[in-house]
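To start, the structure itself, in structure tokens.
All chains are identified by letter, namely A, B, C and D, in their written order; residue positions are counted from 1 within each chain.
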């Protein structure tokens, strides 16, 4: 008996062959994901009996079967050799296009959100961010507008045809957050809040999993596995800087996490240069570094008037600087597409 | 209007003076803590009106009034100049005696717990530890026996007259854990799980708050404030090592956290040398270092047969080594009591 | 009396005005650097009397005079607002072009160096690297071929029209190294070997100053100041990764150091993605990240057969992978030039 | 042919047996160290031929021969199972007594040194510290009095019967420093200044080797090996705190380095709580922690008037606090002697 299996289809297999195998697997109650890769791989999860494995081995259109072991199997690229593309409506994260998510740290007012959404959209962002539940070091700091904030966020996003990403801090508010958001964000402080990971793993929403404040790559992959093991394979890694001895920046933006994660996992990774460095004028070069490192997108903090932001003002871009950065990000990501074709 | 006030009684005030002021404060719906210090201080919390403050100022037996501000006021030593002593039954943490908590990483079987409790008690420990809900990096690792584990833990502790400490990982199981434990442990990964901190803050149980994996002293003090702000002032800090570049030890045991926390806060701090270094034969010297640094106690992992432990075997002491260490800890803590009297 | 002065010329000043002021300053025994910026600034060093300052203030073509204080004044952008361009023969580091330095970790044989030089040159590198004096953790590890290595390095570089960069580890060998090299490298372990910094500060050779293994930005700027204070203003910062808790990479490549250093200093900064991550297949995306972050160049390890390298094989690129990376680096750095013109 | 050999004498061997073997080894041009352990071990260095090894094997009084390999063999406890005791005149570091070294960060004046020596001696210190060559982050900070400082240091130490420890920063001043000092200190920034390590390895002076600012235990052991490999086996490790993310203390004082080094090496280790935490009132509890962890001694900064110190004032103890600490250190180290006898 095994629970994670990678099937490699013969190179001559055609669409109908793949369909037939998928149907056979699904009929056996298994979950199957067809890899967008050459050769075609099927990643299979569920209770797979030995006799069923034997039957698959005898199927002439199957080239190879590999049982996946290890402690983060569903997240591993070994299990799923092709890139996973996370769909959020018509947006694809992990696909050919670099996807930008932008917005303020905290949702403050409807006006502020409307302005942010307008700016975000103008720069080419596809997703609006904004925190309605804020994890703050001090219990006396602003903790977020909660549902009121979610309403503003959704309304502003809808007005400009944007999707929504926002953080959930506990299981108790998960249903509420899911009502308003398209992507659930797990914050850095909760990367190893295992019960929360399991709870979002039981939803079908895409989950943006931030790296912990001092999370190792290994722990991060296992955190994703907590989500995937519950059945939710819509995972997006978010590199947001790590804690080091250096105080010139808020965090040390570990852009090497992009290719390292891509090597070890099939889930896409995006970057958060705002938290990565914490200084607004260092954000644009780090956004470009993220594009060049091969990230599938980024999440960035903007504010109409950063000096008046209720939180994270020093790392927020104003309209002018955001638009100037996005012009460069757009050009650079076009160049990156061309470079990818050189491989 | 203020919400945190420190009252300094005149040095000539007598017990009945203190009682009178306390009664006046409590009659006004305020929470008062009498400091075990010279001069006597009263630490007062609640909605304190300006007219009430004026009235206090006119009280001739009051030497000084100080409004406490800052972002971790209830936790600060400024608010509460004397040491807070946390009572767990007849055990006092933060008092004159060094208190040892010992037990296995995970609760495994009733037999194992009975043996551990016997050993713990023999060495002089007053509290039995054991995890029934285990935060594990991988979702496929042993996650704890849950309520069954809590039952074994309680039973073993009761058999040897020990108190119980165990970890709670989420709000959903808080009530269950509270049913069995004397001290709630908040694990390192949850130091900034703010909703969980608030939840335990609403209980009256003593809370052992572990330092985060890369928690700063400042964040740790604020995490305590999340608990205290909800009304629970039975907080015990636990230094358990921090994440650094060094790989010779599992963590870097930051024994300097002991005097640093004691300088900034009135809540007691104990050490966890087992997680601090992660290597059993380095645990005893680190336990002694903790005693010498002035910690109020320690929590240490023991196991009848460490090589067969379901988790944390490499850092667990067997009976012989635990007893040998405890003999030294007992002598050293006696010496430390004498040194304190030199001040 | 002051020793560091920044002169801002009036915007209407013309070339002959600048020349006149420079001549006046040099006639007074001062060292002057004309900034390539608008408006034109003159950065002046030496013993500057108050009466001389007064005289300058009265010069109608001078817009402003600013005495530079602080603890790394010559290195600061305040002192020298324009970018400093370091010339190595006809190569300019800090100018419009991205400059690549490539070669093996250690000089091994003449053959190896010839092959490396050929490959480096083919990919577009302008400078050949190779260690003849190797700082090794163990005294029993290969310590470098010393002068023999320098001879091979020089010969191979000359054969392909490349410049040379190599490390000096102590003052005793400085003269010897200078005989063969175009750029002196100060290794990470020596970033705060202050006597060595002073010694290279007394030469006129360009100095590539690697960031210390856990060097802060602030310490690094001050290390440069040790060199500049001795009269050598040909300094190139090299970001090579910092030591953190993460073990998935050899170091954590801090690409944010590029814009941070550029904000605080006028000296150029290049990146070393090989040491930055220590894993050959992660090097190319990090090289691209460095280009996108705005670095003036990079230094990268290559080897004809990495598996046989006497040191640093795992992070060395073979010919194929180096050439593939350089094709992308070249295209990306062209895009970056275009983006710069958007500002 | 081998170069490092450990000879285990039979348990029944007597003094004359040991002498005979030592004479045989020395006659063969080898360096021998007799271990203060049971059974008696001889640690042998030099060019040891196979035939000589065979001859030793046939010696009936020799129980076992072990060739030592590895990359820090002379430093390893495998090579030298007994503790090495470093003699500085009649002082023994690594022996039964805890040895304190005290003095100011910088040598400032003769008066200051005389006062410091008087205070140091009064508290029970045996060695006087003081920097005459100061490694400073900025080139414009006070760099030390150089030879003048060495003269004051020596004179003050001699007046009170103390030994001298002081830092050497480069090979050029090594001879000068050796003229005045009893113990050469290698500073944290020079832990991997390999040429300097080799230079002090060629002297016969005891060397206090500070752990690097972010030195790993492994690198530190290898740094010692650079010294030992040159023939100087008078090495004292000094734990002085490591660089971490925590900013509440200057460094993170890694007291676990004491038992870790003792496990891996035979050379003694002392602690430097002053640099370890950088805050004077946290120094005494950390000194006690060092004693309890089993350190062989400590080095601590004192100053007659810390607020006027030319460097490191915030971490320097004044007379009163130093004497108060030393009273406790003396009592505690007495208790530790007793605890050792329990083993």
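Observations on the model:
Methods note: a contact is a pair of C-beta atoms (placed from the backbone, for glycine too) under 8 Å apart; a residue touches a chain by one contact, two chains touch by 3 or more.
Keep in mind that this is a model prediction, so the values were computed, not measured.
By number of C-beta pairs in contact, A-C leads when A-C and C-D are compared.
Rounded to a whole number, the gap between the C-alpha centres of chain A and chain D is 51 angstrom.
Per-chain Cα centroids separate chain C from chain D by 37 Å. Residues of chain C in contact with two or more other chains: 214, 218, 243-245, 247. In terms of inter-chain touching, the protein chains here all touch one another pairwise. Remark: chain B residues 71-72, 135-141, 169-172, 189-190, 192-196, 198, 212-214, 218-219, 222, 225-226, 229, 243 touch chain A in the complex.
Interface residues of chain C, counted against chain B in their complex, comprise 214, 243-245, 247.
On chain B, the positions that touch chain D within their shared complex are 214, 216-218, 242, 244-249, 252-256, 258-260, 263, 276-277, 281-282, 285-286, 288-294, 324, 327-328, 331-332, 335-336, 338-339, 342-343.
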